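One chain, chain A, links the two complexes that follow: it is found with chain B in the first and with chain C in the second.
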Partner chain A sequence: MSNSAAVKSGGFRLGLLLLALPLLLWLFLLVILPHIDLLLVSLRERISYGKYEFSLINYVEFFTEPLYWNTYVRTAVMSIFATVLTLIIGFPVSYYIAKVIRGKGKNALFLMCLIPFWVSELVRTFGWMILLRESGVISNLLQWIGVADGPVEMLYNDAAIMVGLVYTSMLFMVVPLVSVLDSLDDSLIEAGYDLGGNAFTITRDIVVPHAMPGIASGCIVVFMLTLGNYLTPNLLGGKDSLWFTEQIYTQFITRFNWESGSAFGFLLLVLSSVIVWVGLKLSKQTLSQTVG
Partner chain B sequence: MADLKLDQIRKRYGAVDVLHGIDLDVKDGEFVVFVGPSGCGKSTLLRIIAGLEEITGGELMIDGDVVNTKSPRDRGIAMVFQSYALYPHMTVYKNMAFGLKLDKQDKSAIDARVREAARILQLDQLLDRRPSELSGGQRQRVAIGRAIVRQPKVFLFDEPLSNLDAALRVQTRLEIAKLHQDLKSTIVYVTHDQVEAMTLADKIVVMNGGNVEQVGSPMQLYHHPETRFVAGFIGSPAMNFTNVRIDAVAPGKVTVSAPGGIKSVLPFEVPQSEVGKIVELGIRPEHLAPGDEETLSVNGEVDVVEKLGDSTYLYIKLANGDRVTVRAPGHSRIKIGDMVTASAPAGAAHLFDGDGKAFVKVDYPAEFSAEE
Partner chain C sequence: MIPSIPQPKFYKHLYAGYIALFFIYLSAPLIVVSVFAFNDSLFPSMPWEGGTLAWFFGDSDPYIGIFNDSKLLESVGVSAFVAFWVTVLSVTVGTCNAFLFERSQFPGKNFLYIVSLSPLVIPGVILGISILVFSNFIANGVEEAIGWDLEFLRPGLFLVIIGQFAFITTITTLVISARLRKFDVSLEEAALNLGATRRAALWTITIPFLKPALIGAGIVAFLMSFENFNTTLMLVGSDAPLTIAMFDRLKQGSTPVLNALSLLLMLVSGGLALLSVFVQRDKKS
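Right, the complex of A and B next:
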């Protein structure tokens, strides 16, 4: 009796293990293993061909070369800014989709946010280049109206990068916000007006606190995507984009310096973890709340 | 405290007319209850008073001021929502203080009022809890407390008890009645529970399909329903209706009959032109009793018997197919299949014309009158 129960529960556990195996394998092979390797590679120095020694030289190099850590800080600041901007634009849009518009219009609007994602990021970014470049649509339009008398170059500056990043990230902000705002009972908003609130106080005291988990998860996703984005800053910012992922690319591919590339990669991981952690602390959210 | 006046209030959603011109006067300190079937526009009317819905036509006055375009905050009203609408991220204290904080009152004044309301509603021990840590009845009290602290001119309640279980509903009903006695404030209350309406109201407004069917005290509606709709809506179990023919009329008297038994002279003022027409006769189950001692009698076969202990409901199938409910006192010995005669005093009858309007009853005993 107890024997068969033991067999049964053993069988059950084995089944669970088999079910979880793909997930565990994926976690181990693609997430944990590479990062351990990344850390190990970053902590060694190449003495001669095939000969390595433990060293912190790669990290020292990062902190002594202003270009590296300037790029690092700039990427962080720009990413935070892009995240905030996405939130500021995405919040009213989400509120409109979730609470104001009803029926068919709601789905249509939601779909419109999705449409850009049917084409690849590369194509999307090229779209912006067509609009913004010197011989592009906007430049021609301005000349045609007579506002500008020569071609205007709107690419290759920070504003262009920002536009591209916000555009690319918008859906990842809107989806969690719409779902969290959808769950806000209309009567809570009405009660707010009944209790003497106005649009501003109700947004501040009722809507935003309710939406906080969605805001946090949207911001985390957008921030991480932005920080790790390579294509958009590179194409829209050109040579001067100074995005940290480009430094990593250069180390790995151009300089073939895997050691310092790994160190940079690891530093980027630390950066995103720290900023997400600080953000969660500031907004008094926990990661499980945000994900759940 | 204040009075409320509705003058030809209309509401339209797109192409759908929901309220067709509502007139109503609510006096200072009055407890008014809106009742009516689902979808008749009770909530819509309440939300119009609250300022949560725009008015399509007509005038709404609070304390003599037209408030049609005033925002909810400027109307001096406080609403208690059916879902309570408590803020999950705030404690009970903060929920109750929220309205006062928006009013920019100072901290000590807010504190005094919140604690006073908490004392009245016995919420003292719960002030630091979140709504999710409260029972349904406690949430209900917090929602009421949030309204009380604002000392509004008019309280609005939208089916406040519908989410409570039966026992708690009775208890909270008593609390609301007591609250009204203590605060002496004007209250407008929506429900589809007629026991709530009968017990709480000074004045009941029966609504039907976006119109006011009748306004009156609970006893007026019970004894003198002006329409068949009100007669059928007020009272439980519902009034019995059966078609009868008007055979003859005389001043203050009408003779009616129906195939299969009914033949009576009833005390109604009916115009001569109605002779020969089919009208509807209504009798409440509690006015019928087994036996043929009274003037107005019906008979048929019993097809359902419900025993409630203090009384027995007999469902009698008449010759014309209509079913009549009789509320017999105590434990009746009548069984399914028995042929039974039940009768009621002529003064207990109600008579409605083809449009469902009541004929005027004359000369009836005091027990069928709303006068005290």
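Right, the complex of A and C next:
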């Protein structure tokens, strides 16, 4: 009896282990160990061929070279700005979908919000290039209605990068906002009006506090994606886009300086984690609630 | 604010106008890309030179249509190959993970759950370089120790598949877990009471229940792999997947053949997106 129970539990253990094997291989070989190795590579200096020594030189270089440091700060500031802009533009739209429109129109509008994001980011950015370039659609439109005398180049500046980043991130803001606003009971808003509130005070005191979890998760995801974006700043910003992921790419692929590229990668990871962590703490959320 | 509260007409129209502007903003780039696929000009820009189908079917230089552009077609093939393997691997591992996290108790479960969510908050470029550095470390270690040159651990398609798999598995795990959580375990117990073996109960009761989530996760995994750029960029070797090939062309400046290709991609991914929404919708309502 006890023997068979032992065999049974042994079999169960083995089954669990087999089930856990893919998970463990995935997490250790592709997530945990590579990032530890990245940290180790960033902490070494190449002495000669195949010879390395522990050193902080890569980090020292980052903090003493203004170009790297400025690019880092610039990327962070512009990402925060893009996140705020996405929130401001996306919030009224989400509210409209969740609260104002009813019936079939609601699903149709929501689906219309989603569809552009099934299309590759490359295609979307390509669309913005055709719209914004000197010989592009908007430039021609401006000339046609007589606002501009000659071709206007709207590509390759920070505003173009911002337009592309906000566009690319919109889905990740609208989806959590719509779902959280959907759960807001209409009677709360009605009660607010009965008690003498107006559109502004009700938005401030009822709608926004209720939507806070959605705002937090939307902002976190958008910030992270913006910070790690390569394509949009590179194609819409041109040579002067100065995005930090481009520095990482240059160190790795163009200069073949893996040590300093790893240090840069690690610094970006730290920046992204710190801001995500601060965002979670401020909004009293956990990671599993936000992405799960 | 809400329909039950009367609002001045002016505000209502203002709000509706804003929503209309928003959707123009959303659709403008996609419409422009599609329309210029039919422009009879060497560049995807104004002015409009009249309609043509040359960017789809043309075969004389410089009017090479997408169906005759062997380099681009080849890269579509490469992307499909990568996406196929990423889908198979990530759905399989995602299913195992879902059972593990939803059904089993084991030490360190919470820690492993948090780590398995982490690929979503690691920027794609960093995931790419960390896998590049680590696989290079292993390849060099093996070469020094026993002299084998493990070619597949150098930048190339194997690493691209592995790199995309690393974060797409998180998404398949979440999708499949969400469905498994809704499953009523008593159905499985009933099957066991009626004499089914564990395996038979799994294959006839649980897996059919999970099927919508498995298909949905598969479609999402395929599309995410097909469209991935950041991770792929760091791991790619000589065979360029589609996004990398298109990126190179875009930087050089290309003919509207890219518009034609983009239009086809939009149609396919839009269709797959609708399919996945349709498959995952519960039949009850």
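The working rule: the second predicted complex is superposed on the first by the 254 of 292 C-alpha atoms of A that agree within 3 Å, B and C clash if a C-alpha of one lies under 4 Å from a C-alpha of the other, contacts with A are read in each partner's own complex, and residues count from 1 in each chain.
Everything below uses one rule, namely that contacts are C-beta pairs under 8 Å (C-beta built on N, C-alpha and C of every residue); 3 or more make two chains touch, one makes a residue touch a chain.
Keep in mind it's a predicted model, so treat the numbers as computed, not measured.
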| item | value |
| --- | --- |
| Which superposed partner A:74 touches (first chain B, second chain C, both, neither) | neither |
| Partner chain in contact with A:133 - chain B first, chain C second, else both or neither | second |
| Touched partner set for A:102, first chain B, second chain C, both or neither | second |
| Which of chain B and chain C A:190 touches, first, second, both or neither | both |
| Touched partner set for A:209, first chain B, second chain C, both or neither | first |
| First, second, both or neither for A:46, with chain B first and chain C second | neither |
| Comparing the two partners chain B and chain C, which touches a greater set of residues in chain A | C |
| Partner chain(s) touched by A:19 [first = chain B, second = chain C, both, neither] | second |
| Common ground on chain A, meaning residues reached by chain C in one complex and by chain B in the other | 190, 193 |
| Residue ranges of chain A in contact with chain C within the complex | 16, 19-20, 22-24, 26-27, 30-35, 37-38, 41, 89, 92-93, 96, 99-100, 102, 109, 111-116, 118-131, 133, 135-137, 139-140, 167, 170, 186, 189-190, 193, 199, 202-203, 220, 224, 227-231, 235, 245, 248-249, 252-253, 258, 261-262, 265, 268-269, 272-273, 276, 287-288, 291-292 |
| For the chain A and chain B complex, residues of the former touching the latter | 185, 187-188, 190-191, 193-198, 201, 205-206, 209-210 |
| Chain B residues within the chain A interface of the complex | 50-52, 71-73, 77-79, 81-83, 85, 87-89, 98-99, 102-103, 146, 150 |
| In the complex with chain A, residue positions of chain C that touch it | 1-5, 15, 18-19, 22-23, 25-33, 36, 43-47, 92-93, 96-97, 99-100, 104, 106, 112-127, 129-134, 137, 162-163, 165-166, 169, 174, 223, 226-227, 229-230, 233-234, 243, 246-247, 250-251, 258-259, 262, 265-266, 269-270, 272-273, 277 |
